[in-house]
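Several structures are given next for inspection.
Each of the next two complexes has chain A plus one more chain, namely chain B in the first and chain C in the second.
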Partner chain A sequence: MKSMVVRRPSHMAPAGFWLLRLGPWTQLVSRRSFVAGALLLLLLACACLVSLTFGGSRPIPVKDALLVLAGQGDAVSRLLINTLRMPRILAAVLTGAALGAAGCLMQTLARNRLATPGIVGLDNGATAFAVASIVATSTSLLPSILALFGAATAAVLTFALASGSGSRGYRFIVTGIGVGAMFSALTNLMLSQAPIDAANRAYPWTVGSLNGTSAVAIRALAAGLFFGLPWACLLGRQLAAMGFSERVSISLGVRLGALRMTTLAATVWLTALGVAVAGPVGLVALIAPEIARYLAKQRGVPVLNSAWSGALLMVVADWAGRNILSPIEVPVGIVMAIIGGPYLIWIVLRQPDRRVQ
Partner chain B sequence: MKRFELPCIGDAIATLETRDLYLGYGRRMVVNGLNLHIPQGQVTVIVGPNGCGKSTLLAGLARLNKPRSGAVLLNGQPIGSLPTRDVARLLALLPQDASAPEGITVNELIRFGRQPHQGMMRQWSSKDQLIVENALHAADLVELADCALESMSGGQRQRAWIAMAIAQDTPLLLLDEPTSALDLCHQIEVFELVRQLTNAGKTVVMVLHDLSSACRYADHLVAMKAGRIVIEGAPDTVVTSALIEELYGVSCVLLKCPQTGTPVITAIQPLPHKQQKQQGQTEFVAEEFQC
Partner chain C sequence: MPERSRHLAPMLSVAGVGLVLLCLISLLIGAGDVGAWRSLETLFGQGDEQSRFVIYGLRWPRTELAVVVGIALGAAGVLLQSVTRNTLAEPGLLGVSAGSSFAVVMAISLGASASSLAFSVAVLGALIGCLLVMAVCRLRGVGSDPVRLILAGAAFSGFLSALSGLLLLRDQRTADEMRFWVIGSLAGRPVETLYAALPGLICGLILMLPLVRPLAALALGEALASSLGHHPQRVRLGVLIVVAMLVGTANAAAGPIGFLGLIVPFMARRMVGSDIRQTLWLSLLLGPSVLLGADIVSRLLVSPYELPIGVVTAFIGAPVLIATVRAQRLPIL
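Here is the complex of A and B:
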């Protein structure tokens, strides 16, 4: 091998990156993922605007909608936008972002593209708890809060049962599917035994819906994301070395055990927030990171872009659910499943020669 | 020989030794009470038959296996008690089963070597850039910098991994069979690179199967059997046909290479007593079968 020596670097930053410098602080920003993020945010803004103005019981011209957003406009438009459509769109954006980021974290953690919070049972846990609070008359707790605990319970259970396996994401996934199945059975048992009224009220929690999201819930969700999303982004940087075999990442100075635990905690936090408001729309967590990775063509961990594409997916799915079979409303979880099912098959078909990983 | 230099190469020193080290998996003990001092600035090569515990020892030296008892001391301190990130700035390991994220390019792989030196707020410096470019040159991978690791040949891939370890810029480098997948030419290239690294002040520990290469490139040879050190020292003095017989149970011819003056080993056949034992076992099984 040649021992030619480079004395001055030919570039300041690796190819494809911008180097931001502020005093002693330096940040590397991938150009592709920055552009992808900007594109996703632009699309998200467009989708929100379309969802605000087009469709529903009464279309509102874009001009009027913008007037309302600026604090003006006529009374009817204000009512429609401020109290009906805006909260719903906000809920879609926030839950989508939470679930997208959570999906990205968990896929990286388990080193498997199929390992999303929904598949490893978190959604089912949340649903079971929420349904229990509605069906069992003795509980007066809000279903949202119980859904949060349900997701956490499922995660702790899965992790405890699969522990000792550490690195092997496969074992974690299989355990998660088992735990999820138990919770799902529990949900169905409760629904079959409950009076029809209670079962009806519990129904949105079993499919995932943004109908009738309360303002308090949205505020709580926003507050939770305010901490959760930056946390997830920080973890994303450290998780980049997770793609190596375990020995290599330890050799690179990664504290694997601690990183796994904190990532799992962040995933549970984000998933629980999303599911507590929207119910089990876990497929967002599967598809959003996929879109982010496709756009950025990067090997890193695109947490932020997954959040944006998750938000975009949710807004679009919610809008489609409200309008395609109008006046019947299709819950967003069902729309998501209609998109997500074929997508799963497409992942397998697209890469016959590669492992589905 | 050309002197290898990296302008930004770290001059940190690190000592590595084991005290009464026991390592094992489950109930099975693999390394039994090992006392080893790695000489600084030299190439130490660990040899021994399959299952003698050499890879386990290397992993133990790199804090990947926790000692059952005894200790691995890095700069005099138990390695397990040091923050793993600090250890990663002193010691790099290239394991045998190294696998990288899907689709990663050579450049990206080598960049990961800088990770222990970076922080959340200090993600890249001109020193990082310089070291990465030099590692690319050292491993002769400049033209392949943007190739996907998966698309490259075994030899190129192995060089990329070594380049990553170089970019980690640690005073200690542990390599587990770095040449096992390589053809003759690439083997020599890797060994020459290792030699140059020690010339630049690095300490290298390798596990090797090929005794002749071990003799040629080791400054310090450690022969292991059943989790213990049989003998250690300079290859010329340590390697005898008696040692080869003891280690591997084969008779061999030991020659002196006319070019390099180092021992060259050719195995001839398994030793008779071992053969007898095997025959005995077969007979026993056959008898059992007849019953």
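Here is the complex of A and C:
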């Protein structure tokens, strides 16, 4: 049988891809995922605009909102948008992006779509440490740093405890559930011991809420994401080679051990950033990569698209939480759990064996 | 069977002695300033007014409640593991407790008062949770994979607790009533709670008795069980009703206390092997022992304050969960 080797000139990209070239670096960009990314960004912009204008105690016309964004507009709208709504939407976008990208990395790393940071206990670890810092002290930057330690501790614990029996498959996830249960018990313990006002201050961290996010925390999140997202994209490119069997990826030049460690570190970094601001809204990390993968319809690690769809989800969930039961504000964590819970159950029951990639 | 009695009798007596000792410790030791010696004097009828109130008014109901809840949750754990054939099955992990908590939250937010209705509603919610678990077990592929059932249960619990959170947000009165209930605690429950819990427990235990032999037969396989004259479907349904009664009762009495249904069967299997005709009896003693032990620890660890007991059981139970998963081969029931 004749082997069918289609030779293409080296500068030509395969069908459906664009080849970007910058000096010695080249990158294949799938047209479909590029279009999907553009679509997600467009939707995100629309969602942000809707969230700025509709709802709340006082709707603002779209024209006024755009005027304020351009630096004009009347004082009341400017107050509402610049100091009340904008930081909140910014927080939603940034946390959603961080959690979405983290979920995508972790799913690919564990080769299991259920292995998201929230399910394997990272969120609970970060929450426990953040609550510890709030209960013990009252500064606003500390929770972010401590959340990082918490997420790292939980990740190390889960991976170490699951390593003996092979870190893939469902055992890894159940180990993560156990680790998460311990950390959430720790959180409960601290909340029960704390004086009542400290416990109230820590409450948003336990359900996941964007209410009263401080400007400092958002700035820290933005700075962390500025490094974290490109890092995640680079890793995603290398992880794509792990879609093959381990042997093939080793022969493609991937250093598996090092790649696993750095991916885990990036996941911890992104998760901690998100959780430190919004609390444990773990289901974003499950759903966002699913949307990205569905839109792209191709093999690969859609880190950026996951980030965009995570941001979109968070903005929409936050807007819904503020407006559905209008005088009462439903924390974004509860909205996400109600949307995402049935989806998670459906994944577990219906499509158990479809692995990521 | 000689082998059976050889193992079971000494273990039962060890567990029984342990339970009596723990009851005594639970009466003698507390977070307050009535120390062990004064408590002992009071028990022999010589204490003053204050220490008598502490012993008979506070510690005695609490100890009894721990015994009742421990029996219910331990037996429910063994039964649920046996009927799902899954050593990871636990009422809390599978969402049975979440179902009953959600039912109670819903009833209270619809206007029921907490104490009167809670038991029947909690049992009903637990029953719905049980039926869902069983339906999921019958799905192709899920029943044979112990771990996936747990995942589905965790997802279900998360969903229900979010719904409960939503209901609590809408209604401040419910939130105030539920805030302490949802943590799970043995402290400060009135004696009436204990009396209200007893009928559910006794009914559950009596209904359990005729199910033990069929369950042991069912462990040999469905075909063999039916050829021995049992009806697998009926047995399963009966077990689910019993589990719902026990879990709902425990839940309504003390709030959700996680992981006890995992720890107790784990210990019982270690002590007498995996035959349910032995583990079940042992669990009736081990359940209250473990819960009392956890309660005593929760009183002593940060005295003069107290830990929520769910925290202590989670710290014991999560390692058990991980150890069970880490075992090379999950033990098949």
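Going forward, the second predicted complex is superposed on the first by the 302 of 357 C-alpha atoms of A that agree within 3 Å, B and C clash if a C-alpha of one lies under 4 Å from a C-alpha of the other, contacts with A are read in each partner's own complex, and residues count from 1 in each chain.
The criterion applied here is as follows: a residue touches a chain if its C-beta (ideal position, glycine included) is under 8 Å from a C-beta of that chain, and two chains touch if they have at least 3 such contacts.
Nothing here was measured: the structure is a model prediction, and the numbers come from that model.
Residue contacts after overlaying the shared chain place A:A241 against chain B, while chain C stays out of touching range.
Legend: residue contacts after superposition of the two complexes on their common chain; A:L161 is shown touching chain C, with no touch to chain B.
Contact with chain B, but none with chain C, is seen for A:V254 once the two complexes are overlaid on the shared chain. When the shared chain is aligned, no partner comes close enough to touch A:L49: not chain B, not chain C. In the superposed pair of complexes, A:L114 makes contact with chain C only, with no contact to chain B. In the superposed model, A:I334 lies in contact with chain C only, and not with chain B.
Applying the stated contact rule after C-alpha superposition, one finds that A:A185 touches chain C and leaves chain B untouched. Chain B contributes residues 2-7, 59, 62-64, 84-89, 91-95, 97-104, 107-108, 111-113, 115-116, 120-126, 129-130, 132-134, 137-140, 146, 159, 168, 189, 192-193, 196 to its touches with chain A in the complex. Residue ranges of chain A in contact with chain C, taken from their complex: 114, 119, 161-162, 164-165, 169-171, 173-175, 177-179, 181-182, 184-186, 188-189, 192-193, 207, 325, 328, 330-331, 333-334, 337-338, 341-342, 344-345, 348-349, 352.
Of all residues in chain C, only 88, 93, 136, 139, 141-142, 145, 147-148, 150-152, 154-156, 158-159, 161-163, 165-166, 169-170, 183, 258-259, 302, 305, 307-308, 310-311, 314-315, 317-319, 321-322, 325-326, 328 touch chain A in the complex they form. The residues of chain A lying in touch with chain B in their complex are 1-15, 17, 19, 24-28, 234, 237, 240-241, 243-245, 247-248, 250-255, 299, 357.
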